[in-house]
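Every chain is named by a letter (A, B and C) in the order it is written, and numbering of its residues begins at 1.
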Amino acid sequence: MSAPRVWTVAATQLRLMSRDRRLAWLTGLLALVMLASAAVGQSRNAQLQADRRAAAAEAQEVWRSQGPTNPHGAAHFGQDVYAPVSPLAALDPGLSDHLGVAVRLEGHSQNPARERPVEGGAALSRFGGFSAAWALKVLAPLMIILAGFSTFAGERSRELLSQERAAGASSFTLMGGQLLALSTWAFGLVAAFTAAGLALVLANGAAAADMLAALAMGAAFFLYLAVFVGLTLAASASFRTARAALVALLCFWALSTLAAPRLVPALAEQLHPTPAAPVFEKAVTEEAKNGANGHDPADKRLAAFKAETLRHYGVTREEDLPVNFAGLALAFGERNSTQTYNRHYARLFDAYEGQARVQRWVALAAPELAVGPLSMAFARSDLDAHLRFLKQAEAFRYRLIQTLNADVAQHKPPADGPYLADVGALTRHLRFAPRPAALGEVWTRQRANALVLAGWAALAFALAGFAGLRLERPQ
Amino acid sequence: MLTAQALTKRFGDHLALDGLDLHIAPGEVFCLLGANGAGKSTTIKLFLGFLAPTAGRALVDGVEVAADPIRARSRLLYIPEQVALHEELTGLENLVYFARLGAVPDASPRRLTACLEEAGLAPTAVHRRVSGYSKGMRQKVGVALAIAKGAKALLLDEPTSGLDPQASADFHDLVARQRDAGAAVLMATHDLFRARQIADRVGVMRGGKLRLSFDAQELSAQDLEAVYLQAMVAEPAPLRS
Amino acid sequence: MSRMWTLLGLEIRLAGRDRVLVWLVLGFAMMAVYGAWTGARWRVERAAAIATVAAEVEEVMAAKREQFANAAPGEIPFAAMPQVTPFRPVLEPGPLAALSIGQAEAYPYAARMLPLSDETLFDAFRLHVDNPAVRASGRFDLALVIVLLMPILLLAATYDIWVRERERGIAALTLSQPIPPAAVLATKALSRILLVLLPMVLISAGALAAFAQPHLPGLIATAVTVFLYGLFWIGLAVAVNVVARRATTAAVACGALWLVVVALGPALALAAVDVARPPPSAIARTNALRAIYLQHRAEVRARPPMAERIPAPRIPDRLRVFMTDIVRLEERKAPVLAKYDAAVAERRKWLDAARLVLPSVAVQDALDRIAGADADRAIAFQHQTLAFRGQTRRWLADRFAADAPMTEADYRALPVFRFREPDLQTALALDWLVVAAGAAGLALFALRRVRRRPLLET
């Protein structure tokens, strides 16, 4: 392969692409809707962020304004916390619409997140929304296919190829130039996407980690599009007629970008089933009541705890305790129920992980399944980011409730009614501030997907190179 | 310059070219006549290295094509019946492109414009997109490439079929000029009349074999037609081998 | 006319020999069966979840019976207090739920209700613990197969319905016969309707019948929907074929139109609604309601203790006061709730409008409605539940007024929630009208184009 000739082919091809008015229009249109959707996403996210910030302040105000109240009553009243909004979610909203945004933190139970944006929809809601990431995942590959399927296939292209070869360029060189040209086009599109990502990060406080995340998303999408560049040119060089190349490529596109992302989660759910919410709730309640083995009733456990406490303080009657046993019992119960919940949630999250594993395996056959999770992970709009938020909310809830229970334990109720306290003052030092995962952590979780993408891209380019060599081989 | 030694090509059971021996010297035009499927295009594709010979050798300027097709092609120019060009590029841009692919030392637009004009393309057409070109204009871009490349050999595969008489005559003038500049020309054609006019030698092929070859000037046009038709139906009595 | 029959016969013979068509129909059958099976499995799970919820009443009643049994003679146990009577209104999945999961996961499907429950009575059933990633990808139900995949298969069978002959040069020969070009096109379309679309209609209805509960009108409605939608796509292929010159162009155009109708169009419509009518803030609503509640609680706590009547009524007066308080609290909450509900309804109206321009959305809507998985049915359930709550409150007020604590027998004669199915016909007819108008529009376009320009001139 000669480098100057590769440049010549690539430069000429790019010039041809820029003169193909349909392609130029489509590219412009694609870039425009991509950027417009990022802008709309940003304004929507800004709105959501303001909304959640206001709600967080309001929730704090509601919590503080309970007045003198029994701390355990306050634990039942609960406090709401809200999921953070990631700036890059404007590019790739990922699962955002399907994740609850608020968690009610209350005593005795670990609630799932509430208020999923997808609630209250109509038939239209069954169709996915538009986003810049969707444009790169679904539309850009289609455009690569349309721009490249007839490069080598079809009668006219074959004649042109003969002449180019007669002029002195090998098919391998021509393939190299075509790969370079289409990759440059893809790079331009990805660059626009990444630039939009960087602009979003800049507009949202310019965190270095988010900038790197935007670059990582761009790199992943470039690899993904490179897969289609390679496969398109390989098919174009391998099929004699342009029509056959087009049909084969469209089949792969439809399977990879439309069918697999719908079929595989269904398959994954079948392999790793998850319970319905009422069933999950019932199982937890049952276990909290009867113990993990079903033969350890809660009242028996409480009786043992009481005996243990009395022994600890060297007294025989509850009234003689220097502390309020009700508070200790609440703390004990909270510890038990939290352990029960943690066990059940761990099992549930294991099932999610199993489903993700299935998806990663199938990504070996459909690269969309690798780039989709990777992109939303870096946009922090994926399940991992959500679970991280839930776990932090739970850790905070446990501290909050046990702080209240500890206060109950320290105060014996007055004779004329329940013990009342200012819970706002009591919990003033507790502030919920969820932190996103470090970029390194995201990378560790997504390494496999990145490897799959790189492998796909290498394979696609190798196939294209091989197809180029085969064209050169005299018959 | 163009040499075939016992050049043979077989596609499965079908013998497309059967032991062709041929030598075309610099400054010589050799016209291959024959019906469709006689083996003319196969011969040209073997010289281009698009096909691999089943037996024998094709040499261009002493370079064995099968061994180093890219080097062989750097000395060649190929003009098919339909010169396929990038429709959305201008004539000049196409020429620049192909000249660079052929590693032409001076592929500057100025020189290549001169080559196009030398090939007879009107100066107004040089910067027009090829999609508006006639077939004759496209052939001229091909010839301009030969001029730019300083090709030592021209392989022409029915280059004038479908051209109007004037364009056809113009094209042959251009070929003659290349010949005069020292190029060896192998031209496959159905056009007996033109072949006799331009060729130094004429060969008639049938069933993959070169049935006969002779000096073009030795026969009148009518005689040529008679010989050709005879060669098409039966083993001819050798006029001169 | 006889020439038309000849043409149709030839087309059917040719199409019958096309192996690809057989594979397309087979592929559709496999996916349809899988989709219906997925839907049926979902229905079983939903029914099980509903059964779990309904069983909760029995658990509570068992505890109450125990209290009655353990009560001393003359003692009124807490179980006899009517305000804690449990109700579990549920929305059973429709008989054809296997057809589409639709919006059934986006709305609560049951309520944990006491007569004095507040607006959170549905909250437990708005929570989900299954993988959101699975849900975001969209369930693979029969509706998905029909709305998204059937068009691809139909287009694969028809994208070159006319250009193919044109490319091969047969078209000129056909058109040189004394037959109107429109008739040629119509015959070709008819052959595809008979050989591809009709089997797909029968397969859809068959797969549904096999996996769903028997419901003939629903099956017929499904068949009509699928048939009209199929006509739309065949019409689209014909319209492309009178414009395109080459099969490759036709394939690209059909693919692009498919993308626009089933993916890009809906996605952009959704984005437009999100901009024009974003969902109102549910979290702000919750906070506002909680603030109102705190204010109400403070007022109640500040009241001097109530003096009990002598002789004491069987149902304590504090419960009567409690009920009055609850009603007053709800009156305070009403403006916040009304504003929020109005914004949600307005947004839904916009979402719903998309089906007037996008046949894919109209068909999804129709299938959701036939399956009983549409938003309107879910909202009707909420409204009827709230109405039922009103009914139980009147029942409770009567008991309070009569000072009649519950007996075990009373628990067997409680008000019962019965869901009344909302009107289906009007909305379904509108969906059909949209799809049929789309198909007719495309056919008309093709016809006019053929009349204006000879078929081989483009």
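By definition in this document, a contact is a pair of C-beta atoms (placed from the backbone, for glycine too) under 8 Å apart; a residue touches a chain by one contact, two chains touch by 3 or more.
Since the model is a prediction, treat every value here as computed from it, not as a measurement.
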Classify the chain contact graph as line, ring, star, complete or other. line
By C-alpha centroids, what is the most central chain here? A
Measure off the straight-line distance from the CA centroid of chain A to the CA centroid of chain B, and report it in whole Å. 62
Centre-to-centre distance between chain C and chain B (centres being mean Cα positions), rounded to whole Å: 70
How far is the middle of chain A from the middle of chain C, if each middle is the mean of its Cα atoms, in Å? 27
Would you pull the chain A residues touching chain C in the complex into a rising list? 33, 37, 40, 44, 47, 51-52, 54-55, 58-59, 61-62, 65-67, 80, 82, 94-95, 97-102, 111-112, 114-130, 134, 138-139, 142, 146, 150, 242-243, 246-247, 250, 254, 258-259, 261-266, 268-269, 274-282, 348, 351-352, 355-356, 359, 382-383, 386
Note which residues of chain B are touching chain A in the complex, please. 11, 48-52, 66, 69-70, 73-74, 76-78, 80, 82-86, 88-89, 93, 97-103, 145, 155
Which residues of chain C touch chain A in their complex? 38, 45-46, 48-49, 52-53, 102-103, 106-107, 110, 123-140, 143-144, 148-149, 152, 247-248, 251-252, 255, 259, 262-264, 266-271, 273-275, 278-279, 281-284, 286-288, 290-291, 294, 298, 301, 344, 347-348, 351-352, 354-355, 358, 360-362, 364-365, 368, 374-375
Note which residues of chain A are touching chain B in the complex, please. 2, 4-5, 8-9, 12, 15-16, 19-20, 156, 159-160, 162-170, 473-475
